[in-house]
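Input: structures, listed below.
Shared chain: chain A. Partners: chain B in the first complex, chain C in the second.
Let's look at the complex of A and B:
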């Protein structure tokens, strides 16, 4: 069972910012497309370490993690395969909230 | 009569010790409670202050031009303030007080998430800035969300220490 760990601060940026690529060089969209999605494709389990970052805006977190659902992953599958490591408990619950909200939005879109 | 006198004489020192120890225990527990109350009150006051600072920085942020250094600096300050706010919240949760549970939904947690989302969701760190009615509505909503957050914290404080 392969597992990979990604540290946002040391492997991406300690000042990640913005939702889309057009919003800056270290956006949530770019992090998701270039780091999270390949890691999920190639490994059974992915651990993301959030420590060391100055702070996150919801736009970055929602696009990076909620965007995984829009990219085709199920929230339940992510619950099993994605681990969030952070010394700040709030970030963890926030990320799962964005994933679940994205899952609900996707579900409603299917029903509609 | 002399037996009673003897008994009092024999046990009086022990009884005095027990009474003194009980008195100390009660005083100590009340002092601890007062100390926790003071610390929680201090934490809530700091969170309220941070909320106001975030609001002030947000107002400044909406006036900055998209590509300016000031814009990026203000974004950073806002994110750092939110991180400090989250840390202070986590510290409140670590105290294991019944009105400040670490899990589940309590009004202050909901209010904080709403405030965070309103402040950093749509226009934050993007190349767009709200203007006109959209800006005033957004600022009003953010101000209200911060007010709800402060109120919720004070209510939970009263629930814990009434």
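Let's look at the complex of A and C:
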């Protein structure tokens, strides 16, 4: 079973911000596309370390993690394969809320 | 042939010389006259403030005068001699307009030294003197100046103000002070993403669709001001297609529309607004014992007083061409005197 750990601060940026690539160079969209999605494709389990970062901004977190659902992953699958490591509990709960909300939105879109 | 008298010959000679001289000097005189007419001296208001009705009218008239003169092809000298009170809101708007004017009308904007020593220190501290080719002749020592820090950008690039986020996040008197950086990032990201979201004739050219930020940490409190020259919150809401479904909102004053945007009442109205930056600032402010959050956009303003959880709305006569966020929060006791709060001016961007 393959595992990988991604440290946002040391491997991406210690000052990530913004939702889309057009917002800035360290956006949530770019982090998801260039780091999270390849890691999920190539590994059974991915641990993301949020410590060491000087703040995120909700649009970064929503696009990076909620965006995984929009990219085709099921919330339940992510619960099993994605681990969030952070010293700030707020981030943990926020990220899972974004994933669940994105899952609900996708479900409603399918029903509609 | 008729013989000319001596008197007549002298007159003709003098006349021809005058005509020749006039022909030679005419172009120079024309240029001189045009230059005199083309240089307009505009006095910077004594008090530059946007959150007071009368002072805002004076400030906005000044901005309009400068723009009109530049549009007419004139060169403009900004006369700072009488400027005495440069409030953060007015100064931030002035800095944003320096960027815009100097980009649109290169080489046609000049400035004079202020008579007031504090204003001169401020202009030097913010790099304004250098921008206008004026010598930096003073030392920035004044308490009201040296604690100010200025940042600007056209991207959500949190590294620009990283020093601010790191230095204050452990000092703010808040149960989750680390989230201050998140709020700041989100506010800037929302400005980048939404403040210039549709075209109007008033918007600056694309390279100058930026955010401008001031911060100050002094006297046990942190103050942050963010300004954009964008489409404004009320206009942004009125532009939404869903807005037309809520005809009752059409008569809403600007201040009420700002309140609507901040308090996330969009679930009821389906008026998706410009992200979560402002609601998150409010949520953060809800956990402060003191401090204030104020959003001014177009004609309206919405103010939250953390001490008594009181909200206030205001309407101004003149519309602000953009959105101004003023955010004040207290430091924990005994944390405001640490030496790292006094940045050196090299860090100012």
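Structural remarks
Basically, the second predicted complex is superposed on the first by the 112 of 112 C-alpha atoms of A that agree within 3 Å, B and C clash if a C-alpha of one lies under 4 Å from a C-alpha of the other, contacts with A are read in each partner's own complex, and residues count from 1 in each chain.
The definition used in the following text is that contacts are C-beta pairs under 8 Å (C-beta built on N, C-alpha and C of every residue); 3 or more make two chains touch, one makes a residue touch a chain.
Please read these numbers as outputs of a predicted model, since none were measured by experiment.
Once chain A of one complex is fitted onto chain A of the other, the partner contacts of A:32 are absent, as it touches neither chain B nor chain C. By the document's definition of touching, of the two partners only chain B reaches A:97; chain C does not. Judged by the touch definition given at the top, the superposed model places A:58 against both chain B and chain C. In the superposition on chain A, contact of A:15 is made with both chain B and chain C.
Comparing which residues of chain A touch chain B with which touch chain C, the overlap comprises 15, 17-20, 22-24, 54-60, 88, 90.
Taken together, the chain A residues at the contact with chain C in this complex read 13-20, 22-27, 54-60, 88, 90. Note for the complex: chain C touches chain A at residues 155-159, 162, 165-166, 169, 176, 178-182, 184-186, 188-190, 192-193, 275-277, 280. Partner chain B is touched in their complex by these residues of chain A: 15, 17-20, 22-24, 54-60, 62, 88-91, 94, 97.
Only residues 72, 75-76, 78-83, 86-87, 89-90, 93, 102, 113, 116-117, 120-122, 124-127 of chain B touch chain A when the two sit together in their complex.
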